[in-house]
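The following pair of complexes shares a single chain, subunit A, combined with subunit B in the former and subunit C in the latter.
Up next, the complex of A and B:
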């Protein structure tokens, strides 16, 4: 027994980096909306970066930690506290057994991630611990957490065990012991800011009217409240095609911006369908998907066009950054 | 390959630090930066340049000393204590851009109050005051590079 769910929060689910390799059979990828935050959370506690972690949206859960554990909270700030005292984010935190880890009001972003040293003891389904909510596949019993659920935690090994031992040696009387350092800048949009998302042109960009093309890049859009893990619906100007376009459904990707006949674009996210038949006006650069995933419904975004080469360069720079961060964290425990 | 801006940044960082010699060898790029104006006349035979060298280097030590004396003279009060940097890194007064600073001048701190963060290798290291008292001076600005052992804050003890 390791973590007991006292309050489940709005939508708390087990996620990892996604279920790849089965889209050809119609099985969606799922996985964390903000994979950057999930990866950093895992690296902080010494796990493999793609280990399963809890994704908590907008209103976080209340969890009873039933065994001394090393955890890390990253992503949006949902005001985490242990026994009423604020817990710092983006760093390893050693929490003593019996403590209650509670999340409160959403201060920035909208999704927080909780990784635990050793990882949650969750059976992989088709190679992934992610929860595919609509189909009830994977994660914790194929669903979001509910009150009374008990999450088992695997015993830490290797790097994560060393880190647990490191904090144990501090013998602090407090109910939790945070590291005195934290990981790099967080690309988390503030609640009310207009967030700029970089995109490349979609396959059917050329079929849109020149007015729509210019509006896509110059106007701002509001993330509608019907948005979910499958995609963000945008409202604002409606985007029009030069003439109606009959398309055969084709593959869609993470961050694809498709435009249904009503002209309101949809950005496809973690729980996206595998194929789509709507024209695709744009594609969100992969490095900006984690930023977009932290934009909460009701907030506004705008698009900035970049070239594919630039998107690729940003992606490589991000991966290099994460690798260097992993090394830097490892050195902290030597 | 490093970009021109990256090279400029490296030169700026080295220039502002007490590093005298810096070498970087990355793939096919090699950069050597040195600050040895003082020692540049080494290959002359006469004893004169050696003297010059000596005097110059002595002068610079004197200057350095005077500087640190100056800092202290302003507050000769023996109740002033320094918060010393426990590491090297880039100084930041707030946890993230746009956030409130950890401490302000006039603020009371105790030994466990976090007063700033120093960024080294992409991690932000919190610096605790280590003393009790009131912050009277902040000796670094955001983005400045801090050496190990450098005084970061002056604190007036109670």
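Up next, the complex of A and C:
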């Protein structure tokens, strides 16, 4: 049971929720940029939410499905089709063998996720299936997918097997059968609209000029084209410290907004380094990282300040929501 | 070695790094005494589990503890007085207690790791420049570099990359004007007052004085980094032939 890569797309890589526990060795976390969408994709096909899935950026791949499979596509809309017909997202879709799943133009967001019932057959490296691109380890041979690659898929068991059987019983003549419902769909930033991202104050916020503090929260910033999985570089007003700050390297976190001497902030994302030495002006609320991950280079964002307590409340509410969603999806198959 | 008979008199500030991490700042900058506190604290974290903690990152004067706020709130419900508090306050109270209980003698033990280096030639193309810049002979640079006693303050920047302290000022050399697009794994370099070894191929502006055949990043080992914060390092010179032999033996 396998999937053959006919066209690899711009950057298609195996990711999960990240590689934790090794940052003290300098090993970065990696993982999906939009972990929310990856989790939902897995839950839809009956996998554990942190199972490995394909992350496809901006220009998606073309894949030949070599055996009847249950898949789910979430995240940004890269115009997925099966044998030329549009496939709906955010729901389980049963796809017959020999079909070609093709992604096209990016209609919203910029990253799409493809989960398969049973999960891809990928060995864990340091406890994770995520691809660590720079070190060339993890995921599929430590690299992004290339034309001709063949991804093996594990046999579905438990919940994912039941769901495969459920669709099989429908005996549809179509090349693909989507569920009639969708679940967990979240608003995805439209291509060039202004997206608001909630942040808390960074550890060095107070050392910036009052003008910079106010600009951070009132001006908008453009996500520069040099942005990647490591971080989003922002352009717009430049942010200045009151006076130069002596900083020594210390840990950074997912969503840390650091400001190098040129004043252009950088938001650290999935492939961030473990430590950094630039002042941190802010910290993106964890619940908004998956939203930010769907903002395309070239689009604009603005920041809204919230308290740390509020960021935590939002996080806990989101986790509870995903748990409820898992139950709701399960009930659909009873 | 400094022997301390009393309590370590450790104190630290707890600073939230977003809603999933607390930065424990010991203060005192880049200094062996500060490092000992950092190490004492991480040794404790290695031996004991803190419920809700996912991992930590140690740096020159701080240790950042990453946690899951949902788990922290669920697992520490017995802290009645903290029940309604946000998770960063719960975890800060727990970590603060650990800090104050650190004992003298903690964080004092260190491993010594010897690293063979083939200095100069193709493997160390900037060795002659480092000598010229410091008005030394090539042999003097090798001698000074390999006589040093280096402390691994922290690991970061790349997997297994050590931030080392202890290099002699006599061989300090500024970074190259134009960085190289790719520096081979194992390269030993100098940048200002720092010396270091590249575990994986990386672009960079360091002055390259040699190369080690050792692998600093071993993704399939239990501990993927050859070096750990707190290790002491000694470099020793080997010939190009010995370098090749090392490489062959490993295969």
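Things worth noting here:
Quick note on the criterion: the second predicted complex is superposed on the first by the 331 of 334 C-alpha atoms of A that agree within 3 Å, B and C clash if a C-alpha of one lies under 4 Å from a C-alpha of the other, contacts with A are read in each partner's own complex, and residues count from 1 in each chain.
In the analysis below, a contact is a pair of C-beta atoms (placed from the backbone, for glycine too) under 8 Å apart; a residue touches a chain by one contact, two chains touch by 3 or more.
From a predicted model like this one, the values you see are computed outputs, not experimental measurements.
Partners subunit B and subunit C fit side by side in the overlay (superposition on subunit A). Looking at the superposed arrangement, the partner reaching more residues of subunit A, out of subunit B and subunit C, is C.
Using the contact criterion defined above for the overlaid structures, shared-chain residue A:272 touches neither subunit B nor subunit C, since it reaches no partner. Looking at the shared chain after the overlay, A:332 reaches subunit B, while subunit C stays out of its contact range. Looking at the shared chain after the overlay, A:111 reaches neither subunit B nor subunit C. Our angle of interest has its tip at the CA centre of subunit A and reaches the CA centres of subunit B and subunit C; in the overlay it is 140°, to the nearest 10. By the document's definition of touching, neither partner reaches A:129: not subunit B, not subunit C.
Once the two complexes are overlaid on the shared chain, A:39 sits clear of subunit B and of subunit C alike. In the superposition on chain A, contact is made by A:324 with subunit B only, not with subunit C.
Once the two complexes are laid over each other on the shared chain, residue contacts for A:233 go to neither subunit B nor subunit C.
With chain A fitted onto itself, subunit B and subunit C come no nearer than 13 Å, counting C-alpha atoms only. Residues of subunit A that lie in the contact sets of both subunit B and subunit C are absent, per the superposition on chain A.
Listing the residues of subunit B that touch subunit A in their complex gives 95-97, 117, 121-126, 128. Residue ranges on subunit A touching subunit B, taken from their complex, read 180-186, 321, 324-325, 327-329, 331-332.
Within the complex, the subunit C residues that touch subunit A are 15-21, 23, 25, 29-30, 42, 54-62, 64, 66, 69-70, 73, 86-88, 154-161, 163, 199-200, 217, 219-220, 223-225, 228-229. Residues of subunit A that touch subunit C in their complex: 20-28, 125-126, 134-137, 200, 203, 248-256, 273-275, 280, 283-286, 308-309, 311-312, 315-316, 319.
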